[in-house]
Amino acid sequence: MSFLRRLLSSPTGAIGAALLSVIASAALLAPWISPGDPLSIAGPALLAPFSDPALPFGTDRLGRDVLAGLLHGARTSLVVGLAAAAASVLLGSMVGTIAGFAGRLVDEALMRVVDAFQIVPGFLLALAFVSVAGGSLPTVIVAIALSSWAQPARLVRAEVLSIRERDYVAAARVIGMHPIEIAFKEILPNALPPVFALAAVIVAAAILTEAALSFLGLGDPNVVTWGSMIAEGRNVLRAAPFLSVIPGIGLVVAVLGVYLVSEAAGEALGRGGRP
Amino acid sequence: MTEPLLTARDLRRTFTSGRRHITALDGVSLAIAPGETLGLVGGSGCGKSTLARVLTRLIAPESGAIAFMGDDWLALGGGRLRAARRHMQMVFQDPLAAFNPRATVGGVLADALRIHAVVPKAARAAEVARLIDRVGLSSGLIGRSIHDISGGQRQRVAIARAISVRPRLVILDEAVSALDVSVRGRILELLVDLQRETGVGYLFISHDLAVVRAVSHRIAVMDAGRLVEEGPAASVIAAPSSDVLAHLIGAVPRLTGIIRPERSEDRQDDAY
Amino acid sequence: MTTVLGIADLTVTYRRAAASALIGISLEVEAGEILAIIGESGSGKSTLARAIADLLPERTEVAGLLRWPGLEGGPRAGRDIGYVFQDPGSSLNPVLSIGEQVGEGARRHLGLSRRAADAEVLRLLTRVRLPEPERIARAFPHQLSGGQRQRVAIAAAIAAQPHLLIADEVTSSLDVVVQAAIVELLVELVRAENMTLIFVTHDLALASGIADRVAVMAEGRLVELGPVADVIAAPKAAETAALIAAHIDLTTPPLVGEAP
């Protein structure tokens, strides 16, 4: 409990948490505030925002409700962001732990694989994967995870290498603990704190990558996302800038919220969280 | 004549860093009888910590043999080694670094008991309580995090962990060096007490000859990877035959009077 | 005897700490004496040393007075007080050569030229009994042993020719033989240069071999102060008596008998 309190007591943490809760509640309450399919036609085309109380943010070129798009888009962004980051951290931690703990040949082999994934620019890798595998939410999630798992892998490996030499790992060996138990009970939990900080960055990057993929038309066409909305708005940018600006603001709020919370979490964990 | 508990023969180990070769163990042989405390002294860099790590098989020797409880200790591997480890335990110098930062006092002991199935699962909690009490700690500490207790208390938990699996030999590597003077004496008394009760043997490693003298039956002296002197504690202190031991004796601070050893004109201070 | 430093009712509380680290410390340090400050961990001895050298963290609450009779405007940082820390591994800069670190004090405070400072560095390294001073001056801290590093730290501390030297647990991370050599060096230096030495340690026996007076601290308070022989022969404070009782040397009766 005290961790939460410390998190919320700093201005960074409080603002970040506020922003994130706005996004989260938008995502959770979407089906109630704007029931039905957000891709369905809701009114006349290119209605300006704040002109019709039933359509507070106006409509796009096809007459779809911008507010509905915003709220349902929040869902997509959060789901993709969190799932991709989780997959990335999970895969990276496993590989990093095995490499750091097993050492020698296994370590070398795994690190060359990590190198390969790290050399290719993340976004291009995701782009290539989605182009080949087709655009659907699961594919997008896998693509983003593949493009970002190399960093957590390196980080975890570095931590494991350092922790491996500590006295308490030696003590575990002397007691007769099985190596697998040592790796996952003694080493991994202590290697994770810096990875959490990285995870937050990965979430933010994942949200942006997903938006970029959708913007390019490579995302899931059956789901409304902020990226696809921005892409839609691109065509009428001069006449109706709000179509791109509004989902853009959504992106800014989401990413900013994630960053601020991760900063504050790092401080709250601070001296107490790491050995 | 009972068979020795531990026999080490001609252990050798070198460390290479770039072009530098450091001979940490240069043919070390020693023996420990059951229930005996062998004190091992030497200055920093003499190889005593490396010896501890070789004996506990944290690192491997390049050559040499170790017989422990009648078995070829170095030949064991995998599950058989892990099971056999219960009989040779170790207490480390830094009580804070010797525990998983997330550990609790009770958790540490429970893990050890579980790994070797020392008592049936249902009896584990009671055994943890018994161990805590045996090392002079209050049962209120069982749920506490390792961070939340003092250095002396932590070392007691380390000792409890070591004896929880009922070992025949405990290696203490500078186990009291990081503790306050007032705490040190009580930990030493606890160790001697436990030995009297369970017949466990100790390899007591320290650079502090006075502490070693207090708890050891026999004393061995190491210098530059070799054993240079060995014998009953009282005898070697009274009549040291090696320069190394003579220097160690001279360097022990006494409560009154001068601590500095006799200085000869060409004595090499640069060695330190 | 002139007083070099007068401490009056010094109380120090670290930021966000529940209890004070120092409570009402009053004592006077005489010129040229070796004063040992003894205490266990948490007694406040290092805090006292740092308070004297003005090395406490910012926003630490400090109450009381530090009087420096011989120095107008108080001691100059790095010039009037030399400080040697416990761990030479972290008090020496790992990326600077020994020569650079030792010479810095001489260059900055004595205004020596580069050439003169280099010569001074060699002189200092020889003074602290390091062999091959030219080689050591070019070396880096990680290439030296613990005892050698501590000698370098001492050389750096005396480079600016301070009048007061504070040694804060300088032997606690060294083994017994090296410890004896370092302590002997300190005493010899201090006597030769007429410096005052404040020697902080947890080892009463070690201090008894070299100190003129002993100050015993416990839980932030000064519980005993006096000439070392008197304090050991007839301790007035319970904490001092406990330290004396806990001392173990080769004359202490062992806890074990003959081999089993």
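Each chain carries a letter (A, B and C) given by its place in the written order, and its residues are counted from 1.
Heads up, the rule we're going with is that contacts are C-beta pairs under 8 Å (C-beta built on N, C-alpha and C of every residue); 3 or more make two chains touch, one makes a residue touch a chain.
Nothing here was measured: the structure is a model prediction, and the numbers come from that model.
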| item | value |
| --- | --- |
| Overall pattern in which the protein chains touch one another (line/ring/star/complete/other) | line |
| Closest chain to the centre of mass proxy, which here is the mean CA position | B |
| A-B or B-C - the one linked by more C-beta pairs in contact | B-C |
| Centroid distance [mean C-alpha coordinates] between subunit C and subunit A, Å | 53 |
| Distance between chain centroids, defined by C-alpha means - subunit B, subunit C (Å) | 31 |
| Whole-Å separation of chain centres (CA-atom averages), subunit A against subunit B | 49 |
| Subunit B contact footprint on subunit A (complex, rising order) | 166-168, 170-178, 185-186, 189-190, 275 |
| Complex contacts: residues of subunit C adjacent to subunit B | 40-41, 129-132, 145-148, 174-185, 202-206, 208-210, 229, 232, 242-244, 246-252, 254-256, 258-260 |
| Subunit C-facing residues of subunit B, complex | 33-37, 43-45, 151, 180-182, 184-185, 188-189, 192, 195, 199, 207-211, 213-218, 232-234, 237, 247-261, 263, 268-270, 272 |
| Parts of subunit B lying in touch with subunit A, wherever the complex brings them together | 53, 56, 58, 81-83, 85-86, 88-90, 92, 94, 97-103, 111-112, 115-116, 161, 165 |
